[in-house]
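Have a look at these structures, which come just after this line.
In the two complexes that follow, subunit A is the common piece, with subunit B as its partner first and subunit C second.
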Partner chain A sequence: MDRIVRVNMTDLTTCIEPVPEAWVPLGGRALTSTVVAAEVPPTCHALGASNKLVFAPGLLTGTAAANSGRLSLGAKSPLTGGIKESNAGGTAARMLAKLGIKALIVEGMPADDKWYSIHIAKDAITIQEEKELLGIGNYCLVQQVQARFGKPVGVMSVGPAGEMKMLSSNISVADPEAHIRSLGRGGLGAVMGSKKIKFISIDDTGTPPVMPKEGAKFKDAARIFAKTLLDHPVSGQGLPKYGTNVLVNILNEAGGLPTRNFTAGQYAAHDKISGETMHDTIVARGGMPTHGCHPGCQIQCSQIYNDKDGKYVTSGFEYETIWGLGADCCIEDLDDIAEADHVMDDIGVDSIETAVMFGVAMEAGVLPFGDGKGVVRMLREEIGMGTPLGRILGGGAGQVGRVYGITRVPVVKNQGIPAYDPRSVKGIGVTYAMSTMGADHTSGYAIATNILGVGGHIDPLAKEGQIELARNLNIATAAIDSTGMCLFIAFPALDIAECLTSLVDMINARFGINLTGDDVTALGKAVLKIEHKFNQDAGLSKEHDRLPEFFSKEPLPPHNVVWDFTGEELDTYWNF
Partner chain B sequence: MAYQILPDLCNGCAACESECPSRAISHVEKLYTIDASKCTQCEGTYDSPMCAQLCNTDACVPA
Partner chain C sequence: MDRIVRVNMTDLTTCIEPVPEAWVPLGGRALTSTVVAAEVPPTCHALGASNKLVFAPGLLTGTAAANSGRLSLGAKSPLTGGIKESNAGGTAARMLAKLGIKALIVEGMPADDKWYSIHIAKDAITIQEEKELLGIGNYCLVQQVQARFGKPVGVMSVGPAGEMKMLSSNISVADPEAHIRSLGRGGLGAVMGSKKIKFISIDDTGTPPVMPKEGAKFKDAARIFAKTLLDHPVSGQGLPKYGTNVLVNILNEAGGLPTRNFTAGQYAAHDKISGETMHDTIVARGGMPTHGCHPGCQIQCSQIYNDKDGKYVTSGFEYETIWGLGADCCIEDLDDIAEADHVMDDIGVDSIETAVMFGVAMEAGVLPFGDGKGVVRMLREEIGMGTPLGRILGGGAGQVGRVYGITRVPVVKNQGIPAYDPRSVKGIGVTYAMSTMGADHTSGYAIATNILGVGGHIDPLAKEGQIELARNLNIATAAIDSTGMCLFIAFPALDIAECLTSLVDMINARFGINLTGDDVTALGKAVLKIEHKFNQDAGLSKEHDRLPEFFSKEPLPPHNVVWDFTGEELDTYWNF
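Right after this comes the complex of A and B.
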């Protein structure tokens, strides 16, 4: 039986509640955003006692559905000042679902300076004071926590950056190899740090998988669904072979690879950091080019990247991280970028926010463009140690821009713009401007249709059709984020009709209900409206649904295009 | 006796992998395979082998 678990950090109590009727049909992002909108005052301080952390597996998490193991986390973001949902792989989502926990809501804040850990198991939820593991990085922490319990428990933790409440801090989620996945964006590590929680551990011992109400129907649908994932060229071939980093060469070719703090759209050294080069390097060093971020992943876009001596450096080495430190910071050495990725995961900072931040810091002269060793040093010795400079850098791109008086600061709602230049890929620009999350490519991945030819083709350099494209993708994504599915199922979903119908069929068989495709679209719309209202009530008005001025003033080579949507045009995004 | 996954039937959906209590199932060339030396047929954990219960294509069978 599903239930809601509340952990109150003010009085250190726990409480198990039945699921309110209105929350029964919700999961993942739909549930986290609904709870945050209902229970967190929009004008509260994100690092104060009124904010809440809402962890929720998706509607299909815990079942045998492929790629259904994503964990959603919602809260008010200290980075954007608006609502946030961040999701990640790892083992925690499946464990929570198997334990029948529809949502874990962490609220309040301890009055004293003590730190705590939370342990969730089949028969008990406990809060314990934590002294031993404070100040240590996420890699070591996961090892120590699993050693403490003597089994591969799920772990969600903050590194030193989260403990110090830095706005770029994230929450790590242990994956099946005890490596790190991240609830990356929006500074939610700072919220966990503000509640003085170093880690949450989960033990699902004694819980069977979630069995659907209509088993035969579920299997029929799951079989069709899996076939569509395998048949689509992006989810079945490109992502498994090269990972998301397949995009470096593609975006470079399209002139949309932001380079040297967003001053050009192509990077001369793109081949040195490309997915193809990375694949060959991984294979030559005995790493794993294909690897899943969570149990039950079919797409396997992750990888394990080793150093020259064949020793593990990082996994889940993503395009956006490699783009950010590579093209945007002009670091040509993939090993330096991998080392930086490892340190970012370890100290617990978002690798997109941090990479965008370093691009701004390099323009400010804090360190030279291309200084990979300098980035690693600053991550370890400044941000990781919380020096005054580290505190500035750990505040993200917007903060560094303000401190150093830089005007070319690629952020929307104070969140760093990732990996795709909005001037030459205009659909993603609309997503960056309008997303309830701040600049976030995953909330409406227009690259699919602008660049990859998935879901049709809309000219990336033209304005026509982009607002409608971004709106539809944001609606669909809000729905997918509610199922527990990896967003990459959107590629087959946009091209193969049976993908979406089988997804809906799986949800119906799981719960014994009769949703239609239109119901799922309506869910996505409802989620966006809830989030938009929260943001408006928090003080984020339509003037915040805009890109920074420099995008309209500075033509981007090689196409020499500027961002040319008016505010009035952008505001039509919300006409639904 | 261990279980095996028939490659002609496996569609790589990963359903079996996520619940194998002995972590005997791994991903090889887009499909899944069972390491017979690790497979316990779920003895002591489930009433019957969970991979076979979850498999969408009836590919998990006794070796």
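Right after this comes the complex of A and C.
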């Protein structure tokens, strides 16, 4: 029987509630955004007692459905000032689902200066004061927490950056190897830090897998669904072999790889940081080129990257991180980038926000472009230690721009723009401008259709069709983010009809209901409208649905194109 | 013959234009806001080439009218993101008016890394590269510039903070003694710094005073007007004797003196920093308790404050600065505050923004409450030198709040709230929330009627009548700011009928026109509407017309009152 768990950090109480009728058909992002919109005042201070952290596994999480183990976290974002859903793999989502927890809502804030942990198990939810584990990084923390319980409990934690309430801080989620996955974007680590929670541990001992209401029907649909993942060339071959970093060479070729703080669309040293190079390096050093971020993942786009001596450095080593520190900061050494990735995971900062930030900091002269060792040092000794410089850098790209008076600052709603230049890949530019999340490629991944030829093809350099493309992808993504599914199921979903139908079949079999594809689309639309309303009430007006001025003024080589959508054109995005 | 002077910093050209028909009846703030609204894209980056600095003397500036020598500066504010008019005394306004310059519009931005000065004289406007004067403080700069020209030229300059584009940086305006007045609020020093202008010098040699069209009529009106300034107890007695700092004891008594970062409304050590104490100290040390900030000032609320050895420390030592570092930062030593005031003027930061910022920084633990020596050191060695900590602090209260994750941050539209607690003086709270300028007491000085009994009395603790009061005062102030008049003429204007009528008579005689009091009110309304429209187009929605959350949640001693206006109530402010 599903329930809602509330943890009140003001009076250190917990309470278990039945799921309100209206929330029964919701999961993942649909649920987190609904709860945040219903219970968090849009104009509240994001780091104050009125904000809430809402953790929710997806509708299919905990079942045997492939790739259904993603966790949604909702809150008001201290980075964007709007609503936020951040999404990660790891083991927590499945454990929460098995425990029958449809949402974990953490509210309030301790009046005193003490820090706490929350432990969730089958028979009890407990809050405990923490002292010794404060200030330590996520890698060590996961080890210590699992050692404390003597088993591989789920762990969601903040590193030093989250404890210091830095706006680029994230929340880490331990994966099956006790490595680090991240609820990365929007500074939600600062919200957890403001509530003085160092970590949340989850023990699902004694709970069975989630059993669908209609077992046979579910099993059939799940088999069809899984096959579409394997059949599609992107999810079945490209991603498993090269990881997301397969994109470096593709985007470089397309002239859409933002380079040297978004001043060019191609990076001369792209070969040194490409997915192909990375794959060969991993294999040569005895790492794992193919690996899953959560139990039940079938795409396996993650990997384990070792150093020259064959020792573990990082996993979940993503294209966006490698693009950001590589092309955008002009760091050619993949080992430097991997070490930086490790440190970012350990101190708990979003690797996209941080990489974009370093591009701006380099333009400001804080350190030279290409200085990989400098980046690693600043992550460890400045951001991780909370020095004044670290406090500046830990606030993300927008803050560094403001502090140093830089005008070329690639952010929307104060969140760093990832990995794809909107001037030469205009569909993703519409997503960046219009997403309720601030600049976020995952909220409407137009790269699929603009660059990868998935779901058809729309010329990335032309304006035609981009708004409709971005709108449809954002709607579909809001629905997918509600299922607990990994976003990469969108590749087969866009090209293979059985993927979506089997997904809907699984949901219906899970709950014994009769949704249609249209119902799922309607859900995605409803989620976006709820989020948009929250943002408007928080003060994000249509002028915030815009890209920074420089994209319209500075032509991007090699295509020498500018961002040329008008405000009026962009606003038609909301016509649904 | 009045004209518009444009200086283009992109191609280093100047041009003189006739005054467009529509701008003829405008001056001061009415003109700066009109030009900014017409020529600056609201969504542009405030530190980019699209922003403009618009300097304009008022309608009466340059004439013999008492207190008419104020200068308006308009631009898009990098601090608030909205339109800004900042206003100062000094000699520049009168010189520009005598030179027939109705507005000086500085636009564009140099492509290279060179710095410049602009020199304005009767026969030529020149742009010159500057090297040796870079990095030095305003006090020394004024000396050196006047030495270069061998005469007391007008000087408008940025200190190191403006050169570094800090968001609290101001633009200094030399006064008759070559001391420092400030176009203080909204970070306009950063705009001047972004255009790489270290200073603008003005030589009015060879220009006569501005002659009204109807001399005799003007003279009569000017005499009546001047008499009202002397007759009113505030402008004729309180301000000349104690300066604006007369307010410390008054606000403390009223429980509206924000103390210890806005956690109380009374300051135990108020006597040590009061206007009365300051007056006696100044007299005992051979300073000047009574002094004017610009030629023709009759109120003389400024002063010259010396140290224990009788050496000059500061002038224009205002209540807001003394409140901010005194009560709000709990610094009891007036000499420490005076030295801080000197350094703030010298490095070129707004003393209100900076004082409010230090209150937040003290709450964040950056330095202890009460540490006056620490404030002076941080101003000189951190902000003035642009260290990382200095970069944080130089960004103002909002930035310090974001960097350290503080929730009690007294800002509206990211601009620090001055000197009067909105919970216990609700009329000024409405001004803070609704002003187009961000939190700005001067834009609608409800203290007059809430506390000083000027223009009637409205209970400061009650909601009734406050919105109408604030609206009327903001309208009147927008008009006064357009005349070149010091805001303190508002005291007699609210109580003595002849003050306003003679003011209108002077404007009519100056231009040979026939305005009525209603026309002046209509001008004030039009200015506010222009500014409001700009702000909306810049993305400042009605949710930005609100006070921070903590004012509604934390009761303020001794009255234990909270801010209790709803958004709907506040929005009625715009019903005119």
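Definition applied: the second predicted complex is superposed on the first by the 576 of 576 C-alpha atoms of A that agree within 3 Å, B and C clash if a C-alpha of one lies under 4 Å from a C-alpha of the other, contacts with A are read in each partner's own complex, and residues count from 1 in each chain.
In this section, a contact is a pair of C-beta atoms (placed from the backbone, for glycine too) under 8 Å apart; a residue touches a chain by one contact, two chains touch by 3 or more.
Predicted model, so just to flag it, every value in this text is computed and none were measured.
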Partner chain in contact with A:Ser194 - subunit B first, subunit C second, else both or neither: second
Touching partner for A:Cys297 - first (subunit B), second (subunit C), both, neither: first
Contacts of A:Pro388 with subunit B and subunit C, given as first, second, both or neither: second
Partner chain in contact with A:Glu276 - subunit B first, subunit C second, else both or neither: neither
Subunit B versus subunit C as contact partner of A:Val403, first or second or both or neither: second
Subunit B versus subunit C as contact partner of A:Gly539, first or second or both or neither: second
First, second, both or neither for A:His45, with subunit B first and subunit C second: second
Partner chain(s) touched by A:Pro548 [first = subunit B, second = subunit C, both, neither]: second
Partner, of subunit C and subunit B, that touches more residues belonging to subunit A: C
Shared subunit A contacts, counted only where both subunit B and subunit C touch the same residue: none
In the complex, subunit C residues that touch subunit A: 41-45, 47-48, 50, 78, 164-167, 190, 193-194, 387-389, 391-392, 395, 399, 402-405, 407, 536-541, 543-544, 546, 548-550
Contact footprint of subunit A on subunit B as seen in their complex: 11-15, 17-19, 27, 30, 46, 50, 54, 56-57
Touch list for subunit A against partner subunit B, complex: 64-67, 69, 94, 208-209, 219-220, 222-223, 225-227, 229-230, 236, 240, 290, 292, 295-298, 300
